[in-house]
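Shared between the two complexes below is chain A, which has chain B as its partner in the first and chain C in the second.
Let's turn to the complex of A and B:
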């Protein structure tokens, strides 16, 4: 398996609402059919609204466990309900029942059940899709079931599928919409990445979360560049972010002004590069800069 | 010396797996006996969370002298591995196991 010609780009923000997905989808449109798209922001997946994938192939995804009570073996002793710290085993019509929304799958009830009536079973947590987007590229994405959460496992699955498709199709890019925060799914999304695009905004929490997510990227020694979106809304804060970028030697990719085109494009289910405006050129130049950074040998 | 490598396959020609926690396999090369031992890591790979610490636990049981991997263990796993007397070499994920081992022998891999 050779992967040297595939460049994997992960887009992260730390903080929500910075414009990460709008920009990721725009880059996906600019890259066209030379990229495979991976949506790893699965808790609130919304990139499909802009890229209009066809949900071509569907696979069930199992993650974590769920306690199941065999009522024929249960003697109604209630020990399971007593030890469950998630209060997930209410008694209903004289039967103990697992509330699937509350069960965390810890397995304590299975351990204490004197009649071995409880077993832990794999839990279906959602579906993974392999789709064609409106620009003809392949997109791997997922939809979680109610009360299911994203996990490092799901992100690894989405990314590994995207990688296999990119290899098979001789594609040059994998563009990954990363999850928010700095937890397990973010760490999982960084494995094997060649470049990270950080999208931030000039607010205190924007800078705070940028610093946190940058600390994670630094641990994995991955090169990164930053886009300051809505930079003109708070120029002092923008100056502070630029100062941080210089100190940490993060590429400063672009400052994007606040523009209602973001919302207008979204309402039309389009990315900002599909509408004629100065922003289209600006995002185009970001994509060129990123490509240049990827092909440059340190 | 016992060398552990995170691997996406079972042979010298397989690629190094960039993932630490969710690596497909851990391959151990014993320099004395010149034997390769392959450890399947799929049960850790299928954990929803806590993969890094679970793989770190495995390394405690295996006690290699050296680990060669890709992006390297994350924050929590690194913290756990501090207590193990094992050198960690990283950024080998565009190499096969054989290439990675040779690069390690010639001192070209980055130690963290």
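Let's turn to the complex of A and C:
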């Protein structure tokens, strides 16, 4: 394998608001120029607010298709509307019209239109940026167009670009801020990962979502470790999470106390390791642990 | 507003973890003190509302999507299906036709265009919908199976169920998935009003902007609830003023709320300013629609 010495680390949380992005950005600062950063939370990308990338290069991202009707060729037979399972071809003012929000680009209508009035067009669904961060590393990030589909494909694009850049530049790490949930963007962000960092919080929802996202990770057989953020908010829930970690053999990376430094740092556009506080050391030790796990042969 | 039609309120947020679940569950419970209320959890990837609602399970129904099933005996290996599918969900591998269930959008094209009917559509379980009776509050949870990747079809099915079986519940609250892409659009499309829950931080503001753009694209009236007010700065308020987006309520940061939340407890009747905020929000919505 050519990418043998690149370690790809994906940070996930299942539930939002656990501090995932703040922690990912901190690891990115600690790794410095030995890492390529990928923001795969393309739906609500935030890491740029802390790493201040320069948006050096922009690429349009096309994915999926959209049906378009040439009204001059259409004979109003209605076959397209009949076959469309997404109700995307309503009849309006005696014309069949494609509703772009509903059209999933399946192309069935195009295949059955007797007059060849329908063509499929490429659909722009976002932009990809390749930037330099404030610590000099390269960051690949993206923005999904509003209400667009296929965030899974955009995630895959961001990751593949990051990987190519890491290979070309002989970097040791790829640090990926993953998407929330358990759907296609998460699955895309996991493909090819060497280690997953799970960030959770001691609430019933935190544990519930942790279990669901862990079930997805297990399918990929990737090693994982967990950070319990705001652990002092609810000690019993923290204990329960630890119990789950032991059962599932997930590394317990750290307990982070509730600290307003997360939002204070954010307002200064800094990561928590750029501000003097006890958390700086704690996060530093997480990074050391992760590196140790990655280099250990098992 | 048409008095025969239920009032549908969607609760969304660009960023996850801003308090969408907290707000939806408490709003629904608060409303149900006075009238029959429906709460629908459409965050199908990570449904959490159930942690806060006690009641008895009325019904659990498995939800299916339709996928093609290859009939080897009929197939002539003409290759049409493989060329038809835009999502590469049906692929010819030598003399074998493979169907990748997670990729299939159930468009029926490969199946209906197969010259020898060798790809009949059949049911595939993708999730389940649970209905819980909690007195004046009816709660519906829509949950995607782990391993399924597409939230949208399940969200549509849940809306259909609500519109056929629960249309006489006059007020309906929909807890939407986070983000700005297809799942949240599918979840909010039927709403009369969208409440966007955010927090007063740079992340909150960034995602709020995207969420507002998304809702404007589908032409929904929106209002903003600022949760954990006091932890950050006032940029969110400034932005809303400038963009003329109404701020419906500001819920101060309070560790007590966080602790109740962590244990799966509702706060609408425990903390006075929450009760006041919820009343304000609902009055504002009723004025707006």
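In this section, the second predicted complex is superposed on the first by the 258 of 298 C-alpha atoms of A that agree within 3 Å, B and C clash if a C-alpha of one lies under 4 Å from a C-alpha of the other, contacts with A are read in each partner's own complex, and residues count from 1 in each chain.
Assume a residue touches a chain if its C-beta (ideal position, glycine included) is under 8 Å from a C-beta of that chain, and two chains touch if they have at least 3 such contacts.
Keep in mind the model is a prediction, meaning the values are calculated, not measured.
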Side-by-side fit of chain B and chain C on chain A, or clash: clash
Chain A residues touched - chain C or chain B, whichever exceeds: C
Touched partner set for A:85, first chain B, second chain C, both or neither: second
First (chain B), second (chain C), both or neither touched by A:76: neither
Touching partner for A:63 - first (chain B), second (chain C), both, neither: first
Contacts of A:187 with chain B and chain C, given as first, second, both or neither: both
Which of chain B and chain C A:219 touches, first, second, both or neither: both
Contacts of A:151 with chain B and chain C, given as first, second, both or neither: both
Which superposed partner A:121 touches (first chain B, second chain C, both, neither): neither
Partner chain(s) touched by A:5 [first = chain B, second = chain C, both, neither]: neither
Steric overlap of chain C with chain B in the superposed model, located at which of 59-67, 95-103, 167-175 or 275-283: 95-103
Common interface residues of chain A - those touching chain B in one complex and chain C in the other: 64, 151-152, 184, 187, 216, 219
Complex contact set, residues of chain C against chain A: 14-19, 21, 45-46, 48, 51, 84, 86-87, 102, 105-109, 112-113, 144, 146-151, 177-183, 185, 201-203, 206-207, 210, 213-214, 217-218, 231-233, 255, 258-259, 261-264
Residues of chain A defined as touching chain C within the complex: 14-18, 21, 43-44, 46, 49, 64-65, 83, 85-86, 101, 104-108, 111-112, 120, 144, 146-149, 151-152, 180-184, 187, 201-206, 208-209, 212, 215-216, 219, 230, 233-234, 237, 258, 260, 263, 266-267, 269
List of chain B residues in touch with chain A within their complex: 8-9, 14-15, 18-19, 21-22, 45-52, 70-72, 74-75, 78, 90-91, 93-94, 110
List of chain A residues in touch with chain B within their complex: 1, 3-4, 63-64, 125, 151-154, 156, 184, 187-188, 190-193, 216, 219-222
